[in-house]
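Letters A, B and C mark the chains in the order given here, with residues in each chain numbered from 1 onward.
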Amino acid sequence: MRRLAILGALLLVSCREVPSTHRDWAAMDCNFAATLHGEGRVPPEAALDTIQEWTRRYDSLFTDYDPHGPLSILRGRLGDTVRPDPRIVAILRGALPAMAASRGSLDIGLHDLKEVWGLDAPEPRLPDPALVRRALRRRFGTDSVSSFRPPLEILADGRVVLLVDSLPIDLGGIAKGWVVDQLSRKLVELGYPVHLIQGGGEIATHGRKAKGAWKLGVKNPRATDQVVGTIALESTAAVSTSGDYERFFVLDGVRYHHLLEPSTGRPSRNGIASATLRCATSAQCDLWSKPMFLLGPGEGTRLADSLGIDVLWVRELPGGLCGEQTTGWKTILWRDTLAACPR
Amino acid sequence: MRSPESPLPKPGPQVFAGALLVASGLQLAELLLPRIPLLPWLRPGFSWIVILPFLLDFGIGPALALFLCRNLLSMAYGGQPASTFLISSVSGAVAIAVLGEVLRGAQRRRWLGRAGASVLLAGAFNVCQLALVAWVLVGSGGYFGQIGPLLVWSVASALVVAWLSLPLGGGRGWEWMGAMVSDRESGSLPQGSLFRGVVAFALMAASLWISDLRGLGVLCVVAVAWGRRGALVAIARTWPFLPYLAWFHLRDTPGDLVWGTWITRQGVEQLSEQALRLAAFTAFGRILAVWFPWRRVVVGNAYWARGFAMVLPRMPHLFPASLGAARSWWKAGRKGGVEGFLGRFGRELSDRAT
Amino acid sequence: MGPDGSDRSPNRFLRPLDVVIVVVVTALGIWSTARLFGAPSGTRAVIWVDGRRAAWVPLGGETSVDSVRGTLGAFVVEHGHGRIRVLRSPCPGKICQKQGGVHRVGDKLVCVPSHVVVVVESESGTEGDLDAVP
């Protein structure tokens, strides 16, 4: 029975080094990055070329800077029925329920309001309050918004009815997540089930790495070269962060950031510096990261539980940063240096 | 006396049964010993007193069969959970399979004595279990911090086991182990159908895995309906195991208290589960012993199947027989030493098995 | 101690190679144990259930109690003052409970039937690069 001695090979687990390929590129107004593990049906460089090309096409599809682009069809007269690109409709179908459930914290009709705040301008300054009120009126019909109003309605056959007059629709806050999901699906088709894709603040992991879990860092909102925590994802998941440090300016000691509250037309001032989410898909993460930031842990925790996502809020207190999290966050937390916020 | 150089033939069913009985008995007795604080997962491994010389004399196949049958019995009679059983079985099988030939060859060439063989086998077995727990439970390496105390303990316990195992092996000891299991039951076994034998074995194995009380209850009812009086008598004979299981499961099982300050509902549930499991296992074992189609088994050597079936009806007598043997041995002034005790144990066992 | 009493008995207890084996394995064991005692104290413990991280608890601060769901039911640990121990386990053998408190990095409390492992870790571990930062 000497051949049974080959069973000794059971004890020898061979750890082969799995090659990985990485690429960074710019698209859709942000940085994209992808890491592929292993070797698939096409060479990794070819797979990366494919998804890079896809982001370029999505860029021209979803951009709200082109007054004649595919998105501009949604800017029309009140009551118009239009037939936009089916991919735009797919994103809208996901966005509308989230807008309702977040009671308006998520809103795709704030393009004009964002322009009023001009965060991308070289010399940012506080906008004229009258301009803010006008932008709100154009969006909601009034400048004191008390409840959610959808900007459009989607019909069963994919046509869209516009419910606001001449409102530019802005998918910038929600398209990247959807795109990342599409790229991830494509990579699996190309034979790369183990990969990580990052599009701006949206990260999607897929599959299980040979050497343990995917490790992602949670940025320190006040020192963005450092992390306040690390999370470990076992396999397929999506993570997203919204923070007040991404686009902002400080005037007279007050931070004005890009996450505008639709009800007031101004950046939120609830003390939350960032909200990091873990969801099942990147589209879901992208939809909910801004609402979770605006809603804060109070209302956000309940919503998060009902959606099945986990959230970490980093709050800025006079003494420093502290964290609040949903109960499920503990299961993915690998290491953190955040103190818990006092109740 | 045959010379040590010539290879021994495969063991007969009686030898296998006797070895299995002693190995299982030692395993169960060991579970009664108190645990070492700080390192409570370490056990002396006394059943290797039988398994090691068995491996050296008869080879990997028979030793594997003996080891796995011992594990099955301790799962049923000792109340071990299925996961412990699996990890122990896989580790032991790997250790025996990998080291078996090496140890036998080294012993044949006089390179290795019983002590070295025992230490190597114990070390391999324990390291394997450690590796499996690390791989299966934790999912990553780096668990081997425990390996230090484990190795030291392996050496100490292996040396004790080696010393106690000296009367066995090298061709010696197996005849009187076989004599412990009387010939009476094996000779006149009727021929059952292969189908019924397979069903009985499947149900017997199922009783080890099912933990639902209703499921186990159903199995018991089926077993008693099939085996009738024989099954009921076999179940009744396992009564000595009941206080053993009660002691094992009732003390400090956490949960809601139902009586006094130490019996909890969860403890009673666990005890009930284990008692039902034991009843079902014993009853099916009795049915199997009667129905197993000896002549139809085409699995190479059926010595292990027959031996296992011979052990099943004798398992309930383990505790009373060993207690009786210990009493009479002590009264006789420990005459004959360890072999004297084992001889009395064998006689008590034969007497009770009729 | 064979039947013929000669040195050629196969049942010889100790031969030269055995002594070597015993010495080597014992030395290995003592060396590994010493390394175990050299490990620093941990600051938190991670509880794994069925191969997945279920929770982590800090070891510092006041003594407090946490419970996770193992495969057999509620598994309760008590942690604080730098140590952690199993307070109540639903398994029959209670081996993990008898182990008492642990506090060093790498120390483990294992309950095989419940599929639960408690591992002590430290904050400052070199766990390698981050894959990404969202």
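In the analysis below, a contact is a pair of C-beta atoms (placed from the backbone, for glycine too) under 8 Å apart; a residue touches a chain by one contact, two chains touch by 3 or more.
A quick note: this is a predicted structure, and the numbers were derived from the prediction, not measured.
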Distance-maximising chain from subunit C - centres being C-alpha averages: A
Nearest-to-centre chain - CA centroid comparison: C
Geometric centre distance via CA averages, subunit C-subunit A, whole Å: 41
Centroid spacing, where centroids are CA-atom means, of subunit B and subunit C in whole angstrom: 27
Rounded Å distance between subunit A and subunit B, as computed from the means of their C-alpha atoms: 59
Subunit C: positions in contact with at least two other chains: 52
Contacting residues of subunit C [partner subunit B, same complex]: 1-3, 8-15, 17-18, 20-22, 25-26, 28-36, 39, 48, 50-52, 73-74, 76, 88-100, 106-108, 110, 112-113, 115-117, 119
Residue ranges of subunit A touching subunit C (in the complex, touch as defined): 33, 35, 196, 198, 201-203, 205, 214-219, 227, 230, 232, 234, 239-241, 276, 330-335, 337
Subunit C contact footprint on subunit B (complex, rising order): 1, 4, 35, 37-41, 56, 79-84, 87, 106-108, 110-116, 119-120, 123, 133, 136-139, 142-155, 159, 162-163, 166, 169-170, 172, 248-249, 252-255, 266, 270, 274
Footprint of subunit A on subunit C - complex, ascending: 52-56, 123, 125, 127-134
